[in-house]
Each structure stands twice: as C-alpha cells, then as structure tokens.
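Going by the order they are written in, the chains are A, B, C, D and E; count residues from 1 in each one.
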Amino acid sequence: GTADQDSATPAPGGSGGALTPVKLQLQWFFQAQFAGYIAAVDQGFYKDQGLDVQLLEGGVDIVPQTVLAQGKADYAVAWVPKALASREQGAGITDVGQIFGRSGTYQVAWKDSGITKAADLKGKKVGNWGFGNEFELFAGMTKAGLDPGKDVTLVQQQFDMQALLKKEIDAAQAMSYNEYAQLLEAKNPATGKLYTADDFSIIDWKTEGSSMLQDAVWANTEKLSDPAYQQQTVKFLTATIQGWAFCRDNAEKCRDLVVAKGSKLGKSHQLWQMNETSKLIWPAPAGIGVVDEAAWKQTVDISMTTKNQTGDSVLTKAPEGMAYTNDYINQAITAAKAAGVDVNGTSFAPTEVTLTEGGA
Amino acid sequence: MKWMKAVLPPVVFGVVAIALWELIVTAGRIAPFILPAPSAIWEQFLEQRQNIWEAALASGANALIGLVGGTVVGVLAAMVSSRFRPLADVSIPFAAVLNALPIIALAPILNNMFESTSSIPRRLVAGIIVFFPVFINTLRGLREVDPIHQELMHTYAASGWTFAVKVRLPGSLPHVFTGLRQASSLAVIAAVVAEYFGGLQNGLGSRITSAAAFTAYPRAWAFVVGACLLGLVFYLTTLLLERLAMPWRTRLIA
Amino acid sequence: MKKLLYVLLGLAVVAALWEGYKLVGNPEGTVLFGVRVLPRADDLSMPHLWTVVERLGRPELTGGRPVWIVVVQACLFTLGITAAGFVIGAFVGLLLAVAMQRFRIVERGLLPYVILSQTVPLVALAPLVAGWNVLWPDWMTVSLIAAYLAFFPVAVGMLRGLQSPASAGVELMRSYAAGWWRTLVKLRFPASLPYLFPALRLAGAAAVVGAVVGEISTGTRGGIGRLIIEYSREATSDPAKVYTAMLGAALLGLVVAGLVSLLEFPLMRHRRHVEVVTL
Amino acid sequence: MSAVEVSGVTKVFNQGRTDEVVALSDVDLSVGQGEFVSLIGPSGCGKSTLLRLIADLIAPSTGTVTVAGKTAGAARKEQAYGIAFQQAGLFEWRTVLKNVELPLELRGMSRAERKDKASEMLALVGLEEFAGHYPAQLSGGMQQRVAIARALAVQPPLLLMDEPFGALDEMTRERLQSELLAICATTGTSTVFVTHSISEAVFLSNRVVVMSARPGRITASIPISLESRDEAARQSPAYFESVTSVRQALRGAPLKSAS
Amino acid sequence: MSAVEVSGVTKVFNQGRTDEVVALSDVDLSVGQGEFVSLIGPSGCGKSTLLRLIADLIAPSTGTVTVAGKTAGAARKEQAYGIAFQQAGLFEWRTVLKNVELPLELRGMSRAERKDKASEMLALVGLEEFAGHYPAQLSGGMQQRVAIARALAVQPPLLLMDEPFGALDEMTRERLQSELLAICATTGTSTVFVTHSISEAVFLSNRVVVMSARPGRITASIPISLESRDEAARQSPAYFESVTSVRQALRGAPLKSAS
C-alpha cells in the first residue's frame, strides 16, 4: 500500500447484472450501533442497488479509516475526529455521510457523588477508553477550566463497567447505547435488584457543548474522482439510508438481525442499543447523513485545541482538501425519498426499553 | 580491536537497515500510517522525549517491582521446593505447564480482583510472568549439586544449613541469572502489554495504543523505541548484575 | 503419566486455595496503606469455581449454544492460528539460526537484534501488522504476530544447537571431505535436536500468547482471544463467563504444549536432554 | 596404633533388591603410620568403595573400620583425614585461597589464622601466586594441586585419594607424583591412594594392594622398596621388577615376591 | 613412496595479531609404508597441530605436506586416511553400526555394501554384537573401539590418531593397544599416533618422534625394536631401555641411542 493508492475500482454492473462487491469496515464488533448496515444487507437494500456488501468487523487495534485508505475496504465507519487525524497522516478519505448527527458519549457517575458537570471532575479518578475515544471528555474538562493531565487522575477503563460499579473510579465513560446499558443490567448487591437510572448521574457532552461528530461513512477521496465510484457511493448511501430507516421503524426485527449476526451481548441489550442509536440519528431535519456545518466546525475546533495528557491535540492544523462532502448523501437522499423512504424521521419517537439482568 | 569486532557488525547492520528503511519509505512514498520513516520517528522521539521519559518511568517502575517481586518469590519458592523432594517433583511439571499459559490474558481478571486504578494488577502480571523462569531455573540449579561437592562437605561434617549457604546457593547462582535474564525483558513487555487491558494511563503501553488509535504512528513508534530502550536497560542491568555477582564467570552472554 | 498426576495435584491445590480464599478473604479485598494488597473475594471478582463450571454448561445467549462448545470451537480456531504462527516462526527461526551458524558475520550483526526484538512490546507490533494485511487474510495477520514471538527461542536455541557439535565432530566431517551442507545435514542438524525441542516448547507457548493477544488487537473473529475480550465486556453482569474463556485459553496452552512434546517423542529416544537458555 | 584398620568388611549395595551388588567381600586392610598404600585393580573391583568406607561416606554392611584408633564416623567429624578425588571438585565461585580455606572455615578457625594456613598450603603445592585466581583460570594440573592443598589444609594424619591424577596427562602426572611424595614425606601423612596406573602405584607406594572384582577382594599386597623416589628411581631395575610383579598380580599370574 | 612426507613445515596461528602463536617451526617428518610412528611431547608442543596438518584440517604456513604422494588436500578428498581423536566423537543419534557406516555413506557406497563393510569392521574390533546399540549404552573403551572401526572403515592406507586412548584407564588402554597393533598388522596400515604416554608410545611404535614446545619442533626420533609386541614385551629389558631413552629425550637429556 502506498500513499497514492490507485487500486482498481470495480466497475458497477460490469458483467451485466452481476453484483458489485463492496466492503464496509466497521469500527467495533457487530452490535446495534451498526444495525442500519446489517439490516440493509439482510433486507437486500444493497442488493437492490446492485451491491454485494460485506461487513468487516472491527477490533481494538483496527483503525477503519486506515483500512479504507489502504484499499482493503471500499467504505469505513469511523468517528470524525479520529478519521480527521488519519487524514492528517496522509490517509486520503472523505466523509460522505454523517449518519449519526449527535454524539452518544456520556460520562457517568454515581448519583451520590455529586458529579453533574465537567467541572465537578476536578481531583477525581476519571475513566476513559483511550484509543482516541476520549477527546470529548478532554474537551469538556478543558472547557470547564480543568487540565486533563493534572487536575484529574486518568484511568483507562476495561471493556466492562466494573471499575465504576466497584467505585474504583468516580466517573466512567459510557456510550448511551452500550456501556450505560450495561450499568443498568447489573444487579445491585444491596437490593438484589438491577440498578436504575436514578442511581447514576450523567454528564452529556451535547449539553456541555463539547460533543463531536461520531459515526460517519467515509470513502476514498482519490477514487471519488472516478464516476463509477461516485455512482457506487450514491447507491451505497441510498441503501444505507433505507437500512437505518428500516431499523427506526422495525427496532425489534433489527435487534434480531444483530443478535443473529453473532453479537455476544443479549437481546434486551441490543434492543436498548437500537433505540438509543436511533435517537442519535433521528430526527434528522436536513435528512439523514447530511453534515451540519456548525457541528463540523465544533468538531474541528475541539480537535485542534484540546490537548490530551501528553499535550497532543487530535489535529495540528485545519483539515485540508475534501474532508467532507454532502454531494453524494444529498443525491442518495433524493433517491431514497423517491423510493418512498422517510429520510427525516420527524415523527420518530423513542420507546422505553426494559433491560434485563445481563442484557439477556 | 576485539571490541571493534564485536561492536562493528551490529552497528553497521543497524545503520544499513535504518537507511534502507528510510529509503524504502521515502522512495516508495509509503504513507506514514502504513510505515513511518525512521527520521519521522526520531523527530517524534525528540519532541516527545519528556513524555517518553515519564511513561517509561511509570512502566519501568511496574516492571521493576514485578521483576523484583517475582524473583524473590521465585527464588524462595525454589528454595522451599528443593528442601522437599516430593514438592519439587510436583512443582516442576506444574510450573512448566503454567508457564505455557497465556498469562497476559489474566490482566482483565486481575484488574477486577484488585482495582483498575492501581498499578497492582500489571505489577502482578509482570511478577507472575517473571516467577516461572526464575523458579524453574533456580530449582534446577539448587537440585544440581556436584556429587563431589556433596561428599566433600560430608567429609567436613558440614551441617545442612552450612551446605545450603556455602554450596547450594552459590552453585545455583548461574541458574538464577539464567532465569533472570529471560525474565528481565519479559517483565518490561508484560508491564507494557498489561496496560492494554485498562488501568492507569501513565505508561508506555497506553501511550502507544492511544497514539496508534490516532494513526499517529511516528509518535506511537517513538514510544515503542522508548519501550525497547527500557527493555534493553533491564536486560543489560541484569547482565551487569550477573557479572558482579559471579566474578568467576567472565563470559558476558553464556 | 506421573507428571500428569502431579499437574492434576497442583491444579487441585490451586482450586483449594481459590475457594479457601473466597471463604476467608474480605469481599472488598484487603487494603493496606491505601493499596489493595489482597484481592476482592466477592462473586463479581472471584466467582465460585462451580459457578464457572456450571456456566460452561449453560447457553451463551438465551437459546444459543452452550458456552463450552463455543469455547472449544474458539480454541480450535486459535489452535489453527497458533499452529500457522508456530510453523512460520519456527521456520524463520531455523533459517536465521542456519544463516548465523554459517556466517559468523551474520551472527555478529544479527544476534543483538534478535535479542532486541524481544523487547518490542506486542501492542506496538499488532496495529502495525494489522495495517499491513493487504496481502493476506486477517487470521494470517494474527499468525504473523504469533510467529514474531515464536521465532526467537527457535533462532537462539537452534543456533546454540547447531554450534553444539564438538570440534572433533566437525573435523571428522572435514576429514570425510564433506562440505558445509552435508555437515549440516549429517552432523549439525541431528546434534541440534536436543536444543531444538525445548526451544520449540518455548516457541509453542509464545505462539499461544501471540495468537491470543493478536486476536484481541486485530479484531479477528472466532478465536479464544476474541472470546476473552467479548466475555470480559460482560463481566459487569456475568462474571463467570470471562473465566470460561480463560479456562479455554489455559486449555489451548496445554494442548499446544502437549502437541509440541509429542513431536519430540519419537525423535528424542536415545538422546540426552539439555537445558536451553534463550537469552 | 595403625592409621587405618579395616577388618572383615563387606559392602553390599541395594541389599535384598534385584540389583544387589556385592562391592566388597571380607576385606582386611591395615595402613601403618606414615605408610603410603596404593589400591589398584580393574574397574568396578571396589577401590572407591573401600576408600569411601574409610572416609565414612558410606557404612560397611559388616565388619569395622577404624581410623587412628577411632571409628570412621568419629574420625570424619574430627576431620582426621583429607580427601581428594579424580575431579578436583573445587568450588568455582571461590578463589583458590578461599577454596583451601574452606575446611578451616568449617572448623571455625579465625579469618586471619585460616588465611595464613591456606597460604602456607598453597606454597607447599607451589601455587602461592595464584591465591587470588578462580579455579576456571587454572589448568587441570593446577586445579588438582589446589585440591591436594585443600585436603592437607587441616593437616590431617591421613590422606585419602581416589585417582587424583587420573585426568592429567602423563608428564604433569609424573611431576605431581614427585610433589605429592615430597609433601607426604615432610608432613609424615599416611596415605591411601587409589589408582589405575601400575607405574604410578609402584613409584609412590610403600605397598601396593591389588584387588580383584566380583566380589571385590584383596588378592595381593606387594611391598615396594625403591632406594629413592626420584627420576632415577623410574629407571631403576627395582622399579621395573616391581612394575612387573604388580602387573602379574593384576593379571592373576602366580605371585612371585617382589625383590 | 612414503606414507607421509612433511617437509619444512611451519605453522603460525593468528599470524600478525597480538596473540600470534608459532605452533610448529620448520618440521620435517617422513612416515614409511606400514610404519607406526608415535608423536610424543609436552602439552602444547604442537602434536595435534602436526597431525591436523597431515589430515589437511588446517593448512601449513610454510612447507609442504604430502600423503601417499598426493597433496594433503587431495588425500583428504579421497579419504586416503582414517582419523580418531581422544574423544571417540561418535554421533549419539546413530547406532554403532550407523556410526561406522558414516564415512562409507559419504563416499556414496550402496546401503547393503556399506552395511557389510561396517559389520566387518565391527567384527575386527570385537563389537559385532553391539551393532544395534547406541553409543551412550557403551563404555568408554568400547566407544573408542567403535571410533577406530569408523576410522578403518574406508580401509585407508594411513591411520591418524590423536591420543585415542587418553581418556581410558590403564588396563583398558593396554588391551586396546594390543588390539590396535593386531589390526594394523593385518591391514598393513601406516599410522601416526599422538600420545602422552611413554610406555604406550614405546609399546606401539616402530619409531617415537619426540617434540619440544615453544616453538614446536622435533627434537629426537627414536627407533624402537621389540622382539614381539605382547604381554611379555612389556616386561622385556629392551622395552624398559626404550622407555628410558624416550624419557631422557623428553627431559632433554643428551640422547643415547636406544639399544
């Protein structure tokens, strides 16, 4: 792999009606966070567009945008700040569909700890995941006047939430759709019942003003100059929109699809996740996947100014070139609308999901 | 002259390898996220030297404590086992079997058993990993007593304790150091890799992963270089200790 | 046979210690001077052994396959990866050893780096290798990581083995007008076997570690390393499950050690056994 | 009082088991004060076993062993003898001096005293310059000399040696033989010396005891009288005659008394 | 044509470096067809070096070595000699038979043929029953016999031996000496034999070549003529005289010709 990748783009429908193989690199294990893609595969939305989509699972050290830049995948799902960092390192990628309009990152603390906002974290043991998932937290603390390197003790969380449950750390990073649910699936030894939302307080970075854009579909910048790839991107995005719309309307069906895909977390957990994920997408006033200027700018600003514990920021300069484009998502939205898909989800109403022990 | 002969080939080899690496990266225009150039790594190394130093201190402390702890426990356990033949018979195969297990995978469990906000779990991981080579080698050394020495001490009417102190212990020193040599760089690796599974973010391991997650590979590799240096320091210190402790053996690498 | 008995005995002792500690230990662990010196004995951190065993029998997810089947399958998958890594690593180690034996200058130039290679932490390597896997399937990436760990003991042990024949043996071969290759085949290789096998055992153990950690970091699906991390995400609510994966990893280590020992069996009769010192 | 008295000694290894070995059968041996006795015989005839019985490293199955009038055990506890083996058996982590000091150290002698004593012993074997060296830095012959110095350090009335020169080449061996004789002469030590070499046995001894195997027993005891024990002696007819008679005793030929 | 011709040979190790050693200086040696020549001399005088020069295991610094009329290198490539060392140097992973087969194998002899040949050689040294054993199961003396069988397997006109019996005890040694003589007599092999033992050299050789060290050179060449080479010979006056003259040559005493 070299910086100037020029691996051949599969010609769509090259051999009369045959499906074009497309690989999508996800950023983590199969779970409802990626339900839209899973559903689009299962429901044949991609197939209808002439695409044979293969979903590549992520891992701890898998950097989806790198996989994409190397030409091992045709598209990748990645958080915006991390992808921008890779761009700065020479990965030629472009955000072509900002699927999640909102951030789902929380900092969760025990209710009785009195932590309700970023400033309260001063002097506390603050959990985070590292791996580049920590910048909203750092930005929030910086905004509140704290120095993340000095004013708090940073602890890398494990892949479970035991550290918070055992009160080893005062506040833990949690995605609204995943780790937060794990807390609510754990039994309180004192009462013998599950913990409830009342036991915890949540710092939501959206309200703290330090949220950054998360899951987006990234495409290979260079290949985007190829009309065939352009077409394929629109088709891919169209089917993706269909998939997410399907999951918005058929949460339980999508949960089953995810579980069938081999997710190790249980059914109620995935339903919760489906519900919470939908909340991050819908309603989408400008249409699903359209990059919002203001949110983008906030993401870039934070990426350039927030320093982590070693004094590094995500970006050293403003992104150059085509970091994002709404061209293809807008075409896809038009196509989806024409097919009768609700691309705004104005009427979306989240449901109340009851979690069971262990998310079973 | 002799010194030159020992040092020159590896230095030449290293310089050539680095030059080649640099050449491939620049000439092949390989993106830094695939393979960073040595010059870029060096630049980052200089820029981050303060961070590297601090992280190396944190990881090094964990490794050192693990190493010392594991060694002390290993040597003591070996001494106890060597006193009771059946115990040694049982413990050698058992330790050999345990040594074949992926101990590093214990890190998440230890994090839960102790607490992820302390350095104890990773020190324990390092300690356990150090324990096995030290224990097995020391025990072997303690059991391998020259029969002539045994008879000699018998003719001197020496007590069991005298025998242990004057013969068994010094006789097993080479074995102890054999174990220690293996353990020293293992301890560093264990301490660094254990950071991977969560816990305090003050060491080289978490720095490497967080830099890698940002595709900042030159920075990640700068920390890797730090880790290598740390491992090397441990290894060389052990060699030095070995020489000091056993002046009668002059060879540096057995 | 006797060894097996000893190992079982050792296991029984460990099990007794575990349950014994649960019985007497403080559920919140023992904290001295602000440091938790003894582990927590609560069921979340240290589940009862029978809970773990029982968990093995229950399905992974409601209606799914029992955990033990999943674990065994994951072990088999990782065994494949380990085997590939082991073979590659052993082969590379062998080649290196032969090259170092043949050319003293190669030994001088390379050996320090072979030793240095063991100070590179795996976490650093994994993302890099994961980034290179353009040329081979994902599982192969993991195998390569395993191979990286496995090559070292073989290279060093084998080098020592190849250099082990006394000069009389080498001179004898020379007196038979045998060249380097025939000396290698007839003398050095057979002479190195007692060094090779202990090295292979070490390599086997290293390959397991490499495969487990490699799976975790490259997100390769289906193996025991992956299972450890998937189950440990559930440790919050289902603590026994992650232990089942650990048991699997232990099993894998044992199986690999056993298989490597089997390799040695037919070849090492009539041979003396030596101790291998790698570093 | 003789230095060593072995009477009616039988030694059976692994008694009552299938691998029972009768190593010595009904052996009587008496070594006088200041006498130098060599034991010679084919491999496995029980020479080492006999020596180790005298040293109380093993106990006889039947019979008694007396050293300087005491039981073998008591003699050992008093360090009434020095012993040296084929392998020098030096402690590689101790310097030459410290090696020689070891038996004195275990006797509880003071640091200064034992240092003097050990240095003296090293001078006796001609190695005072090497006091600070480690054994690995010495040649095989020098190591064996250190072992002899160590055996002599407590100035024992009895010296037991089990093929001490077996691993040395012939020329070194001959030199050490002369040195050993000189030392024994100056210290008046009685010696029991196990060897495989006829010429060595003849050159060194006042008496050569020939043993035969299966079961180990003494078949001949040949007194040797050489006028001197120097280079010339090795070329004297008396020497060659003794060599021949020991050889014949070993071969089992009818024994003719050595002239 | 003599079996070995060494003329004007000098061997310097590590030439031009600080640790330069002149191992041999201006050595001339000629071994006749069927002659048995022993090399004797103090440790480090270059005996092994000389032997290894003849074997073309190392090359001379100056001078020439001819074996059976060819250069040493050519002779080696034709396996024109067999060699044996102090350590038997058997390959422990091969059975006794396979060990003896090795040189034949490397010559490309067919399986059946080399098996016959090797068995024959084993019979010669009296070990046919042990063909299937592994070296570790044999005593030191037996191992050395196998090594001799191996050296003889290609039926070389020349046998080179470097202290082959050095590690054996005297009695085993004497037995093997007689056997070696018998073998050499039946096969008519010329032999160059390195030893430390005067008695061994005298008993075996037609001629004993005495060397001195620093730098290694030949100081004497003593022809030996014994009437027979059996037990009786070891007790004959001629034998003792030869021993004495070799001893004197070694000690550097003025050489009187052996009777």
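FYI, a contact is a pair of C-beta atoms (placed from the backbone, for glycine too) under 8 Å apart; a residue touches a chain by one contact, two chains touch by 3 or more.
Protein identities per chain, from UniProt: D, E = ABC transporter ATP-binding protein.
Please read all numbers here as calculations on a predicted model, not as lab measurements.
Taking the definition of touch as given, a chain qualifies here only if it contacts chain A and chain D alike; those chains are B.
By number of C-beta pairs in contact, B-C leads over the other of B-C and A-C.
Separating the CA-averaged centres of chain A and chain E is a span of 83 Å. Centroids built from CA atoms put chain B at 39 Å from chain A. One simple way to say how far apart two chains are is to compare their mean CA positions; for chain B and chain D this gives 49 Å. Chain D has its Cα centroid 53 Å from the Cα centroid of chain C. The set of chain B residues touching two or more other chains comprises 33-34, 108, 112, 115, 195-196, 209, 212, 217.
For chain E, residues touching at least two other chains: there are none.
With touch defined as above, residues shared between interfaces to two or more other chains in chain A number as follows: 1, 60-61, 63, 66, 70, 158-160, 162, 166. Pairwise, the chains that make contact are A-B, A-C, B-C, B-D, C-E, D-E. In the complex of the two chains, the chain C residues touching chain B come out as 3, 6-7, 9-11, 29, 35-37, 39-40, 44-46, 105, 108-113, 115-116, 118-124, 127-128, 131-132, 201, 204-205, 208-209, 212-213, 216-217, 225, 228-229, 232, 235, 239, 242-243, 246, 249-250, 252-254, 256-257, 275, 277-279. Within the complex, the chain E residues that touch chain D are 42-43, 166, 169-172, 196-199, 231, 234-235, 240, 244, 247, 250-251.
On the chain B side of its complex with chain A, the touching residues are 28-34, 48, 51, 108, 111-112, 115-117, 195-202, 206-207, 209-217, 219.
Every residue of chain E that touches chain C in the complex is listed here, in rising order: 52, 55-57, 76-79, 81, 83, 85-87, 89, 91-94, 102-103, 105-107, 134, 136. Against chain B, the residues of chain A that register as touching in their complex are 1-4, 60-61, 63, 65-66, 69-70, 82, 85-86, 89-91, 125, 128, 130-134, 153-160, 162-163, 166, 168-169, 308-312, 314.
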